[in-house]
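Okay, here's the structure, questions in a sec.
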Amino acid sequence: MDFSTFLWTSFAAFLTLAIFSFLYKDNPLYKFAEHLFVGVSAGYFVVILFHNGLSPNLLQRLSDGDWYYLWLNSLRPWYIIPGILGILMFSRFSKKWAWVSRYPMAIYIGIAAGVAIPLEMTNRVLRQMVASMTPINWGNFLGSGYLDIASGYSEVIILTGAVSALVYFFFSTPHRGAIGGIAKYGIWILMLGFGATFGFTVMNRISLFANRIQFLWVNWMKNAFNVKGVNPQADTSYMLAFTVVALIFVGYVVWEIMKKFRKAETA
Amino acid sequence: MHKRQLPFILVFIFGAFMAVQYFMPHESSEFIYEFFALDWVPIIGIFALALGIWSLIKVSWDKIKHRRQDWQYSVVLLAGLFTIIFFGFFVKVGEHWEFRFMTSDGLQSYMFRHLFDYIVIPGQATVFSLLAFYIASASYRAFRARNLLATLLLSAALIMMLRFSPIPGLGEYMSKTATWLLNVPNLAAKRAIIIGIGLGMVATAMKVVLGIERGYMGKG
Amino acid sequence: MDMFAKMMALDRRWVFLTLAIVCVVAYGLTFEVPILINDEVQSIYNFIDTLKPGQIVFIAVDYDPSNQAELQPMLYALMEQCFRKDLKVIITALSQNGPGMADQAIRDVSDSVKLDRTYNGVNYPGRTVERGKDYVFLGYKPYPSLIILGMGQNFRIPFPTDYYGTPIDSLPLMKGVINYDQVACVISLAAGNIADMWIADGQGRYNFKLAFGLTGVMGADYYPYLSSKQIFGIMAGQYGAAQYEKLTDNKGMAQDGMRIQLLAHWLIILFIIIGNIGFFASRRKLKEQGK
């Protein structure tokens, strides 16, 4: 890692620690870091949207013509139409002309909704239903070994569980009597499903934090302290950058404590 | 008429065409599908996304202009935004900077990549990692085995959380239980939810195409 | 106030601090967490492992930095496996900040494959991978559902050029590659509902082999698609990524972070137990007082 990269990493480490300081309480360091990364990611999106979207899909297709003919002498002049429809979207900013933006929106919404009808129906509803309607493996009902997925009883649980969970979501009949019993079994199954999701969610949240520890430890601190000769070119300047970031946070903590102290004195 | 009725007629025409097209892949319908729906519509959509960026800039600018509370941070936001935009379009060639509009050289420039790698990545990743602390706090305060249903949920979660363990035997045992849990009761529950969501989406899409659902167009 | 009431009224910042300390200490310790391989991860590995050199794997980088912890290790392991086996890779990024994640991974993995390495007992000499020849990075477009449909007709409809602005017809790898029919499989590393679009608009309409790398939150929700054979594999969360790293014998960030996972999980289980003890104790007390 050369020194300029280390400076960048130190800045990233500063942002990371600044955002973590929010856990203690909202403070200027956190607000600075938050606004900076929101601004940069919005700007990043502008650049990507232009270079990956607008430019190749619209401007470059028209750019073989002359712009002063409004690109009408391009080989593919028809691309001017989606361009104009897109520009109409900006009429939203005027109260008087806002209705114009409904036309491009109508086209987009019509197409998105129309595409969804057959595809959602076949690929979510029907294929999932078909997958439930496989013959149950009565020959191997008890399965082999501990909690066998391929066993008949597992298949029975999948079929009955899915049907009863659907019954639980069916509110047109009151959940009483037999329907009530089925719905109750359905909610048990649903709870097991939500429990599995919850267990996975804990893993997800921890991994997000683990990733930051790995970043601070491996990418930043190891280089600053040159632990176990990871970086043979490390010199005092690495330590300097590390110290600056550390000092900012120590300074902040001292400032917070002083403030509390003064408050206690005046009170 | 042109302000309200015509857009809904357009929604119906395009929606119905797209739905029917799926069942009749004829050459002519395929042409409209490829050319119009898949090629043009994303282009129109790009402009809609530009609107969002524009409002972010406008809100921040207003905050600075009227010196509202914490306006200084809006300066930081706009500075970050315009800095990366600058490096996305200007490339250093030899001694001087060149403006690159139609070629995407900016995407490969040193500054553009570094601003993303060392500001956007740590910023976004860290903000989301705060969730780890909130789930820890919630597990301490909120996850109670109040009744049978909550107990079922908690036990399923505990089995999932004990899937990996260096204690000999426990890891394998829990991993097997977790695999069964995922592939049998969880599968049944999620299948019901998927079918429910699928039906819901089809119903909503039909309502939009048929003009029953009109809220998305706004008033006027 | 009795002990349990005090315990429940504890400032949550003490909980935060405990978690932070446990995680940092866990990372400092040196022990291995045993990784047991699940079938749904194994099937992705097996599928890619049996492909012949020159076949194309399509990897969709559909996540932002917020989920890099889980999905970036999968991308690194997958890409390195493909490059080492001389498979061709087509990459798209249909999430807002996805292109930056893919761009970073391409740079890092291209560097990594330059070194000689031994994976699973097979010696792979270092090689250089070339843009346009060994991989194509198509880049970003908004509206994933329409883009996924568009690629099913022809990659050139949504992507006339690649991420770097080169017309894709001038890239050797894209010669004769029209749509998903020329691709051995699509692996979407997804955070959010793009995974649903890959199922409904992609696999459902164009019928290709599809597998997922998912965030932990979404993991459990996609098992029904596995049983209905709409997808052939799932890697879910950091544990899924660690399993894939273990299968490819390429230890990375996911396996490295499992130490933290283990102790943090135990801590959270402990929190749940303490919380419940407090809850039941105070409930019993209330009942007694009520009597």
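So that you can tell them apart, the chains are marked A, B and C in the order they are listed, and the count of residues begins at 1 in each.
Keep this in mind: contacts are C-beta pairs under 8 Å (C-beta built on N, C-alpha and C of every residue); 3 or more make two chains touch, one makes a residue touch a chain.
Values in this document were obtained by computation on a predicted structure and should not be read as measured data.
Shown here, the protein chains touch in all possible pairs. Relative to the whole-protein C-alpha centroid, the nearest chain centroid is that of A. Distance between chain centres (mean CA atoms), chain A to chain B: 6 Å. Note on chain placement: the centre of chain B and the centre of chain C lie 16 Å apart, centres being C-alpha means. One finds 12 Å separating the Cα centroids of chain A and chain C.
Contact with two or more other chains is made by residues 16, 19, 66-69, 97, 99-100, 141-142, 146, 149, 158, 161, 163, 165, 205, 220-221, 224, 227, 239, 261, 264-265, 268 of chain C. Touching of two or more other chains is recorded for residues 22, 37, 39, 41-42, 45-46, 49, 104, 107, 116-117, 120-125, 127-129, 132-133, 135, 139, 154, 158, 161, 163, 179, 182-183, 186-187, 190-191, 193-194 of chain B. Multi-chain contact residues of chain A (touching two or more other chains): 23, 41, 44-45, 48-49, 51-53, 55, 57, 60, 111, 115-116, 119-120, 123-124, 128, 131, 158, 193, 196-197, 200-203, 205-206, 208-209, 211. Chain A makes touch with chain B in their complex at residues 8-9, 11-13, 15-16, 19-20, 22-23, 31-55, 57-60, 63, 79, 81-83, 85-87, 89-90, 92, 98-99, 102-111, 113-121, 123-125, 128-129, 131-132, 146-149, 154, 157-163, 165-166, 168-169, 186-203, 205-206, 208-209, 211-212, 215. Looking at the complex, you find that chain B touches chain C at residues 22, 33-34, 37-39, 41-42, 45-46, 49, 103-105, 107-108, 113, 116-117, 120-125, 127-129, 132-133, 135-137, 139-146, 154, 158, 161-166, 171-172, 175, 179, 182-183, 186-187, 190-191, 193-194. Note for the complex: chain A touches chain C at residues 23-24, 41, 44-45, 48-49, 51-53, 55-57, 60-61, 111-112, 115-116, 119-120, 122-124, 127-128, 130-131, 158, 193, 196-197, 200-211, 213-214, 217. Within the complex, the chain B residues that touch chain A are 2-4, 6-8, 10-19, 21-23, 37, 39-51, 53, 56, 70, 73-74, 76-85, 88-89, 101-102, 104, 106-107, 112, 114-135, 139, 149-150, 152-161, 163, 176-199, 201-202, 204-206, 208-209, 216-218, 220. Residues 13, 16, 19, 23-24, 27, 66-70, 96-97, 99-100, 139-142, 145-146, 149, 158-161, 163, 165, 199-201, 203-205, 215-217, 219-221, 224, 227-230, 236-239, 253, 256-257, 260-261, 264-265, 268 of chain C are the ones that touch chain A when the two sit in their complex.
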